[in-house]
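Okay, got some structures for you below.
Two complexes are shown next, each including chain A; its partner changes from chain B in the first to chain C in the second.
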Partner chain A sequence: MTTPALAIDNLRIVYPREDEEPFVAVDGVSLSIAPGEIHAVVGESGAGKSTVANAIIGLIDKPGFVDRGAISVGGRPLGSEGARLGRDIGVIFQDPMTSLNPLFTIESQLGEAMRFHLGVTGRQARARSLELMRAVGIPEPERRLSAYPHQLSGGQRQRVVIAAALSCDPKLLIADEPTTALDVSIQAQILKLIRDLADQRGLGVLLVTHNMGVVAEIADSVTVMYRGAAVEQGPVGRVLTAPQAAYSQQLLAAVPRISEKLRRFAVLSQEDEQAGAARRRIAADYGAGRRGGQAPLLEVRDLVVEFRSGGLLGPPRVFRAVDQVSFSIAEGEVLGLVGESGCGKTTTANVVAGLVRPTAGEARLAGALVAGKGARRPDEAGRILQMVFQDPYSSLNPRLRVGRMIAEPILHHAVAASREDAAAQTQALLEAVGLSRESAQRYAFAFSGGQRQRISIARALGPRPQLLICDEPTSSLDVSVQAQILNLLKDLKDQTGLAMLFVSHDLAVIRQMCDRVAVMQAGRIVELADADRLFEAPRHDYTRNLSDLIPRVENARARAEGRSTWQT
Partner chain B sequence: MIGGLRKAPLSVLIAAGLAVTIVLVALAAPLVAPTNPLDLASFNLIDAELPPAWVEGGDPRFLLGSDNQGRDMLSAIIYGARVSILIGGGAVLVAASLGVALGLVAGFVGGRLDALIMRIGDVILSFPTILLALMVAGVARAVIPDASGPKLAPFILIGAIATHEWVQYARTVRAATMVEAQKDYVKAVRVIGLPTRRIMFGHILPNVMSPVLVIATINLAAAVLTEATLSFLGVGMPPTYPSLGTLIRIGNEFVFSGIWWIALFPALALVILVLAVNVVGDWVRDRFNPKLRGRKA
Partner chain C sequence: MLKALTSRLTQAVLVMLVVTACAFLMFRYVGDPVRVLSREDATQEEKAELARALGLDRPVLVQYGGFVARVLRGDLGVSFRNQRPVATLLAERLPATLELVFAATVLALSLGIPLGVLCALKPDSVLARAVQALSLVGVSTPTFVTGIVLILVFSVGLGLLPSFGRGQTVDVFGWPTGLLTASGWRSLVLPSVTLALYQLTLIMRLVRSEMIDALSSDYVRYARARGLPERYINFRLALRNALMPVITVTGLQIGSLIAFAIVTETVFQWPGMGLLFIQAVSFADIPVMAAYLLFVGLLFVAINMLVDVIYALVDPRLRASAR
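The block that comes next holds the complex of A and B.
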């Protein structure tokens, strides 16, 4: 049997706490990675998966420490005499924008580890750097060597980071969420690169990720972690298609799939009756204020948004973020806006919300001009349109009590007759989103990310909106929490007939949520169709491309049967 | 913050204790001081220039000696500290309110208004504090009759000091406001349609106040010093209503004739007050700076 690239035996990592039992971040985890094997460690935030990776690199945050257990790389223990970071272990971090030093050239950053660990000369280092850049697929490597990080795109930077990690021919590559900060198309390239490198160089890869699709596409084996313990381990094909442990089953059930639309996600913690009853009461209130008529609720016509920069010396540069975008949303309809970062989807949503002024075109909400030439946003627009934001940590005011945050729009739009009435409505809203009434007295920091997103939704529902703009409402949440929030939004939509503009980069989430979908690329809508039609028979090349590049959990079965699924 | 005081180092505890004692004693001056130095009828020239009680020739009635008018130095210092603290505190209050309001508007509204406010601030900061305060106090005396009288002088001093100090608050608050304005919670209230004034003061203001508190504590000491300097230079409080600075100025004339106590004791009081406030201010700054917080713990 060959020496494993990485062997972890019974690892336990402990964080001592003041006046409390110490917190066990990793408890009795063992795993082994053969050369050429990609082993994924999956789990939700706080599961301890990154702590395992950090233990190998020796970067456990103080005051945590390795309580017991052994780690060996290529058969040798960690340490200055044994396996060393940079020489035997290469590391890829999450964000290529910050993991390269902006003040040094690519050449000096690539060659640094080689000069230090292998003692090679500058010329040898340069030759090897060129070779590495070719190996990771950077075009024109000679020219790029003298470039600075800011002159490369995000995908190229991540390739440079990978090249630097490989520079001393390590036996083990640690990739901690290597593609989370990247767009799908670049993600696909980087994942393929990692797979190829593992195959060609016999490199063991420890892949830490929360994305089950990524695991299904490139990993060979997987460890599922939950609260510091490895609850299940095995080959990807088996674990992802027929999970044994209850937690793995729950986790996989919560992953949105692109191939079929579910009515609801199966989540273990079923919401109590109270939340459903509270939602029905709110829905009953809705019935009275409903508008009749066939006219669309929101109509966006020929929207153009340009951003100008520079211009102090020389002509200003104009960047067209949104280019001739038109769409409409009927009452009770959910329209998805999907595309890669920078495609203009959030800018479009912001124009509708009144946060950005359009350069040309217009938006009408319930017949009233809310954006465009001569638009004076009516007060009513601030009531019937509400927004839920991406980052639950920045969307709640840290200095206000939750109750006041939710009551403010209710009082401002005089939906409640008195303060007492507003307080009662606030409590009903908190119940409707599955939080306790007492939450109103607390501040935002007392809540987890998922609970904050619920508060954000409760705040948005207060003034009884007819259109909810959701800007990536779940992309910073764990899958199980995401499933709960998506279920909540689905329930609200079913019970109140709320229309939504749902912005996301995640096609699987869009598939689960939307009636119709608009695909945006470089500021334009390239395809707009019913969700089922769009996902089953995409017409535009870009849509087809995007949908092919998404890593799918469903592919684990095909991989288990030995078929290749990866296409780039 | 107050709760954190229990874990503060001993030096901070001592400084905080001193500062609180001085402020309390000064504010309660009529109750604490042995005599009333403002009542011209109560002192006698016969008692003038008596040394402190423990020095030969001292009089137990005048613990820290008496000045050239026969005033009890201890009482004069307690009343003087009260004037100094009230003017310093007033200047901080005025400067902070003005600076915070202008900084919020500059940071949130932006554009030309922002440029205008900040350029005025730049110009003001290019003058030394004392020079600007001297100019303001001087102009005020020329324009307003009786400006150097005990009724108006404190307000003129507060204005003169605040004219310079507000810029620091405005800059800090403007920068913090620009960061906060980008956050989603501000977008959320904009979508709701709240008026700008309510967004600025109801939602952003509470989130930009911690640096303001830090600057205010540190500036309190600076403001007390500036007031003392102005009074020392003769444009501050009149001798009939002396602050610590005025007392030092009066004493300064007698230092070389061997009558050292008139200048020394007010100066000591000033040094202790400023030092204590500064030590507490530094500690407050470190507590509010999350980057420094973990370091000493």
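The block that comes next holds the complex of A and C.
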């Protein structure tokens, strides 16, 4: 039997707490990775998956410590005499934009680990760096060596990070969410690179991720973690297609699929009666405010947004972020806006929301001109259009109580008759998004990311909008919370005729949520079609390409049957 | 780079034009030059004659043009108080101030940076705690109090160091320096310590917070994850990032020290620009005040440009965008 690249035996990691029982972040986890094997650790935030990875690289946040258990890499225990970080273990982090030091050249950052761990000279390090850069597929490596990180794209930076991790020929690569911060096309390339490196170099890979699609596409085996414990382990094909543990089953059921549209997402926990009642009440209240009529609720025509840069001297550089974009949204309709980062989808949403002024073109909301030449946003437009932002950590005012935050727009738009009425509506909204009434008395910091996003949705729904702009509303959330929030939005759409402009790069979520989808590339809409048609028979090359590159959890079955699914 | 530099230069020229305009207005309208320059019993005709001779009857813009031309030639007018060219006065006083500020800055940087790093790396050590507490005192004590206390202890009490003046000076290529004589050095100690104290605490606190930021950054975490030695991470990788803002702050601090060393120079009777300015204010010596304004404006514009250039040389991100 070959020596495993990584063996973890009965690991337990504890965070001592003041005046309380210590918090056990990881309890009794064992796993083993053979050379050339990619082992994924999956689970929701707080499950302890990153803590396991941090334990291997010795970077557990204080005051946590390894209470029990053994870790060995390539048959040797961790430590200065045994397996060493950087030499025997390579690490790649989530965000390539911040992993590299901006003030040092690529050559310096690639070579430093080799100089310290292998004692090579500058010239040898340079030769090996070039070799590594070719291995990870960076074009023109000679020129790139003397470049600084900011001169490389995100994908290239992640390749450099991988090259640096491999510089001392480690036996184990730890990849903590290596592609979460990347666009789908880059993600596909990086995943393929990791797969190839594992195969060619016999590298064991510990892949920490929350993306089941990624697991299905490249991992060989998987550990499902829940509350610090490994609830299920096994080959990917088996665990993802026929999970045994109850938690794994629920987790997989909550993952949005791209291949077929479901009416609702399966949720992990049973929804309570109170939330359902609150939702029905909100829907009933809404009824009076419905507009009716044939004209589209939102109409965007020939929208152009240009950003200028450059100073007093020389011609300004013009960047056209949005280029001749037109679309409309009918009442009760959900339009998806998809594309890679920088394609102009968020800018388009911001124009509609009145946050960015268009260079040309116009947007009409319920007949009123809300963006474009001579636009004046009537207060009513401010009420019927609400927005849910991507980042729940920065979109809530840290100095206001949650109740005040939600009641403010309700009172401003005079949706409530009195303060008492507003307070009652606030409570109903909180219950509808699955939070307790008492939440109104607390501040935003007391809530987790998923809870904050629900608060932000409750706040947006307060003034009874007819159009909700959702900019990546669930991209920072765990799948189970994502499922609950998407279900809530679906319910509101069905029960109240709420229309949505749904901006996302996650095609699976788009598939589940949207009636029609507009695909954007470099500022233009390249394809706009009914969601079913678009996903089943994409016409434009770019759409086809985008949908091919999405890692699909459905592919686990094919992998189980020994077929390769990866197409780059 | 060249393009960025020309654009910065254009901005600098614009700023200087505004500053000269202010100086001109002050010169022209604060106090009446005719009344200051003419005899007390001068007749209306004599006054008009003088105004014509001074060119005060011409349009304001023409007068301003003439003022700018004179300034460019280095003619800053004549001091009302001692009837000597202002440019000469400034040139006499500048070396003293520059030496004082130079000594203070070297002191502040050479102590401030290591102490800041220490406080960031070992926040719980006794030394770091003491430094932190003392730095609070350093920031909040006014300069004149520090100066007077130092004089009381080291000059009056212990009689170790002189309490005023800059000691003996030696002329080096027309630059009177106090750095070549023992008495010059001895005289420099107390004023430079006084002047450095605030700057030192400022730099120390800045380095500390920047260093803490750098140490908690992803790239330092990534460097740790590659098993690089701690010393290399702290002093080569993190420190370099932490020192970037120190360049800006030091530059601006040098500017304000040269311009506003007034209090220190007054306390120690240091024959520098600040003392010159204070005397000019008390005698309403408008030409000196206007020239001082011009000088301070030029100083800040020049230092800002210098800081930008240094930044562009040290930070690769700016180097690229400046290209």
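One rule holds for everything that comes next: the second predicted complex is superposed on the first by the 565 of 568 C-alpha atoms of A that agree within 3 Å, B and C clash if a C-alpha of one lies under 4 Å from a C-alpha of the other, contacts with A are read in each partner's own complex, and residues count from 1 in each chain.
The rule we apply is simple: a contact is a pair of C-beta atoms (placed from the backbone, for glycine too) under 8 Å apart; a residue touches a chain by one contact, two chains touch by 3 or more.
None of these values were measured; they are calculated from a predicted model.
Steric overlap between chain B and chain C is absent once the structures are superposed on chain A; the two fit side by side. In the superposition on chain A, contact is made by A:150 with chain C only, not with chain B. Of the two partner chains placed around the shared chain by superposition, chain B is the only one that A:390 touches, whereas chain C remains out of contact.
Applying the stated contact rule after C-alpha superposition, one finds that A:165 touches chain C and leaves chain B untouched. Looking at the shared chain after the overlay, A:354 reaches chain B, while chain C stays out of its contact range. In the superposition on chain A, contact of A:379 is made with chain B only, not with chain C. In the superposition on chain A, no contact is made by A:119 with either chain B or chain C. Residue contacts after overlaying the shared chain place A:87 against chain C, while chain B stays out of touching range. Of the two partner chains placed by superposition, only chain C is touched by A:95; chain B is not. Remark: in the superposition on chain A the angle formed at chain A by the CA centres of chain B and chain C amounts to 30 degrees, rounded in steps of 10. With both structures placed on the common chain, the touch criterion links A:412 to chain B but leaves chain C unconnected.
Between chain B and chain C, the shortest distance over C-alpha atoms in the superposed arrangement works out to 6 Å. Listing the residues of chain A that touch chain B in their complex gives 353-355, 377, 379, 381-383, 385-387, 389-391, 394-400, 408-409, 412-413, 456, 459-460, 463, 469.
The touching residues of chain C, when paired with chain A in their complex, are 3, 6-7, 10-11, 217-229, 232, 237, 240-241, 244, 314-317, 320. Residues 57, 59, 84-87, 89-91, 93, 95, 98-105, 112-113, 116-117, 148, 150-151, 161, 164-165, 311-314 of chain A touch chain C in their complex.
Interface of chain B with chain A (complex): residues 183-185, 187-194, 203, 206-207.
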